[in-house]
Amino acid sequence: MVSLAVKTGGVSFESPAILASGILDENGYTMKRVLEDGAGAVVTKSIGTEERNGYFSPVVVPEDTYLINAMGLPNPGIDSFEEEIKIALTAKKPVIGSIFASNTDDFLKLALKMQDFGVSAVELNLSCPHVQGFGSEVGSDPVLVKEIVKTLKGTIKIPVWSKLSPNVTSISEISRAASDSDALVLINTVRAMAIDIEARRPVLTNSYGGMSGTAIKPVGLRCVYEVRKETEIDIIGVGGISSYIDALEYIMAGASVFQIGTALMKYGRSIFMRITGDLEKYMISNGINNLEELVGVAVR
Amino acid sequence: MMEHIRITKRVKNTPTVVSLYFKWNVKVLPGQFVMVWVPGYGEVPMSLSQTEDEKCITVKAYGDSTKKLIETEAGEWIFLRGPYGKPFSSTSGNKLLIGGGSGMASLKPLIDRNTTGIIASRTFDELLFSDEFDEDHRIEVTEDGKKGIKGIVTDGIEAVNPEDFSMIYVCGPEKMLKAVYDKIKKLNVNAEFSMERSMKCGIGLCDSCSVDGFQVCVDGPVFNMKQLNGMTEFGTTRLLSSGKRVKI
Amino acid sequence: MVSLAVKTGGVSFESPAILASGILDENGYTMKRVLEDGAGAVVTKSIGTEERNGYFSPVVVPEDTYLINAMGLPNPGIDSFEEEIKIALTAKKPVIGSIFASNTDDFLKLALKMQDFGVSAVELNLSCPHVQGFGSEVGSDPVLVKEIVKTLKGTIKIPVWSKLSPNVTSISEISRAASDSDALVLINTVRAMAIDIEARRPVLTNSYGGMSGTAIKPVGLRCVYEVRKETEIDIIGVGGISSYIDALEYIMAGASVFQIGTALMKYGRSIFMRITGDLEKYMISNGINNLEELVGVAVR
Amino acid sequence: MMEHIRITKRVKNTPTVVSLYFKWNVKVLPGQFVMVWVPGYGEVPMSLSQTEDEKCITVKAYGDSTKKLIETEAGEWIFLRGPYGKPFSSTSGNKLLIGGGSGMASLKPLIDRNTTGIIASRTFDELLFSDEFDEDHRIEVTEDGKKGIKGIVTDGIEAVNPEDFSMIYVCGPEKMLKAVYDKIKKLNVNAEFSMERSMKCGIGLCDSCSVDGFQVCVDGPVFNMKQLNGMTEFGTTRLLSSGKRVKI
């Protein structure tokens, strides 16, 4: 009997395929539909203390094997977001609250609110690569990361996940700083840019953006593997997953569950059902009862 | 991928609306849209008002990008990506097109001899593509009453029997779509509605344009009555650019 | 009259399309042929003080839009490499000597030998992402980078180029450390990995490798742009260039000349002639006399 | 992309050579090769000794990877990528195949009724694929003299008139290729030589296998006489794994 059920990062999931933060997770009805369409959980858009409109369009550069985006952390502010979470929770599956802030106090405030709203865990956005003062500017400072995670773990009751950036000299160093987390989410987007030679300027209004999709899978796998080699902490893999093969690569590199984001551009919401269905078939034909058997088997 | 396309013709349709024509060797179906980039100003979703070899976008100035875009002259270049979205169904029977504001732009490619149009606008000089319909197949509705029926679009529907048409196509502001939907939902009609919601990515990722979990940019912009039936958000609430929920 | 001739990083080139280090540049006859086939210059394989065999195969993972490699810095040692450089120089075009070392003394020793051999400049490999003790392990330490560049600039007569890694928290910081260089070469490969789910292990013998090719172009452009925004130093762009459009993107982001490597996998040595031909056509139809007019025009 | 393929049959050809058969639905031409990965041991270039629907690699154990590879049994899996390289030209006329050591493996797909073979090896039990030729079209040459002509491959050529063949195909160690080349270069013959140089990437990047600026893996492995004519490195020097130049 194969089972896709898994408990990781302090949360139990019926399925290991989770919606990544930043994709289809601003509107409660959308999150609800993604859950109903087969996602094991959703991570919300990153929410801050105040309402932010984000950047003007263009905010995305879609290409065949990657997407570059600079949304600019649009969000309605934590208080207005309660309504969306309540709607999403009617699907009766885990909702993970992603939060961003520039300091420990704000992270704590946001986490406490998310806990009140009923999320299963908070995911700390320590890695958005394109907004000054937030994201990877916070997440590349090991001292600050350590303080934020420690403070939250000492105060809130729900699990704390830390989403880290690959745009650092040493992902191992930052992982150690975040080691009090219940799980590490690896990786956020790779800092990147697109230039249009006819317009003679960057395409994104913000110039810089984050690259996601197939093209960054080798970077995500490397980060997961590198961190798994030196720690036993739960890892949630994300970056360029669009098939069960990609998912298995992340699992064998050391991830227990995985998130899907950019692949929705090409495959739509049905990708969750397809990947979990393919995983089940793979497990049956390879005699695997639980994906846990494969976590980290490639690490040597 | 961003396409770089030369405008071949510019036509002013109303005091605030301009049509830009161009050759673009890509198959586009009525109802689909493109994202038009105005470097330094922004990017906006635009339905195509002509979908043959020669294509056309019909632009109403309402923000920075569109104000700049309508100044584009023949010979100048525009940037766009797409086409995106699900098109209108085609039908061989007689059609009723209901367009409010600049909504008639995305319906225009559907016009043929079997078509009746209800064209609604606030003022008489904003009536868009009215002339595309034969005089006896054209119902104009203006809020200022200076042309056609004085009133709103639903008053125009009174002038026809919706059940006479094999398909009804509707495009305009969401409030108007909802009013039309409510007016015809109990009738024995087929209808498709092209929805406009604020759109950022155009490719089904950012969640800005979603309605009841469906992305207007990829699941729409065209929805049929069955899809709209029971939608909680349709005509009631939407998200602002920040993601904040507001009433429509 | 359009001209592709350009002087940058202290070296004059007939054409801005240069062979990147690590590709087809171990054997003097190969470098000679690449130059005869249209490259404006070649950068040699990175050479160290001692002979090294590099890693056992597999040393490459070729995919549609990227390549991951971990050659392991194979090289015959600086003394044996003189013969290859002499052969390459018979093509009468610039040969740039790439060198790697773990300390300043060795870098200096290598640079002096390269100078004796007749190269037009040395390119410091401060960025190989997959060999312990070399490459990016050296190149991510700003103090060491500053010392190496300063020492070389004070001693050797030929220009010094520094090839930097994108696998750092701040490419700007490392660029400032290397600012005594005659040119910065941006970027080396992105640290990455490939896992095979049937073998349940990393494909590369060394596990970790460097990703190159189309997939990393957005990262390279971002690095060039970021560095160009804050310095006037000459920049040589490299990373995923396989067409004149890619090349122009790098130029508009701030590079004066560019290097081509992985694209040879798909297009062979003829790519140099194709890209320079296409650039000439572009210049004619856009009224550009010299590519210098376009350097950095996208930066705002 | 790494392919994962099940071995269907294993045949021992000589004391040190094994042929592994498999189904692989990819077009491969005679002379092309694949890179075979033996996880934990290494990756090696292998010519295909059969190129129909059922394909075959013929492996001689000489290093860690190949020692492990020849142990592969039917039902087990191998990994490979490719096919790579330029194939032999086809010819409708009569052919002379000259194979030294395990070189006959890559020539085997060319064998038909119009083919004569010169099969050379150090010892009599290492003669490879001799039986594939009709008895009167087979010239065996061994250094130990225990079978056929005692001598080296060029001695075998004495037994034929090379100008009688419309094409001569040669494969073996580079020293042997050079000897054959030197022997026939002044004759009125067409000949193609499949070269073996130590290969790391297989895709024309690493420069390990280059000869006079040509990459054996993409410009070869098959070179004709015109291409070899005037090559400085052919048969004289090559690079070690480190890139150090040594005499052949």
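Going in written order, the chains are labelled A, B, C and D, and every chain counts its residues from 1.
Assume contacts are C-beta pairs under 8 Å (C-beta built on N, C-alpha and C of every residue); 3 or more make two chains touch, one makes a residue touch a chain.
Because the structure is predicted, anything quoted here is derived from the model rather than measured.
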{"item": "Centre-of-Cα separation between subunit C and subunit B, whole angstrom", "value": "51"}
{"item": "Between subunit D and subunit C, distance of the C-alpha-averaged centres to the nearest whole Å", "value": "36"}
{"item": "Touching two or more other chains - residues of subunit A", "value": "201"}
{"item": "Chain contact topology (line, ring, star, complete or other)", "value": "line"}
{"item": "Touching chain combinations (by label order)", "value": "A-B, A-C, C-D"}
{"item": "Residues of subunit D touching subunit C in the complex", "value": "1-2, 4, 35, 37, 39-40, 42-44, 65, 77, 79, 81, 200-208, 210-215, 218, 232-233, 239-245"}
{"item": "Contact set on subunit C toward subunit A in their complex", "value": "64-66, 68, 140, 167-169, 190-195, 197, 200-202, 207-208, 211, 214-216, 218-219, 221-222, 225-226, 245, 248-249, 252-253, 294, 297-298, 300"}
{"item": "Subunit C - residues contacting subunit D, complex", "value": "23-27, 29-30, 32-34, 36, 45, 51-54, 56-63, 67, 69, 71, 74-77, 80-81, 83-84, 196, 198-199, 201, 203, 205, 261-262, 264-265, 268"}
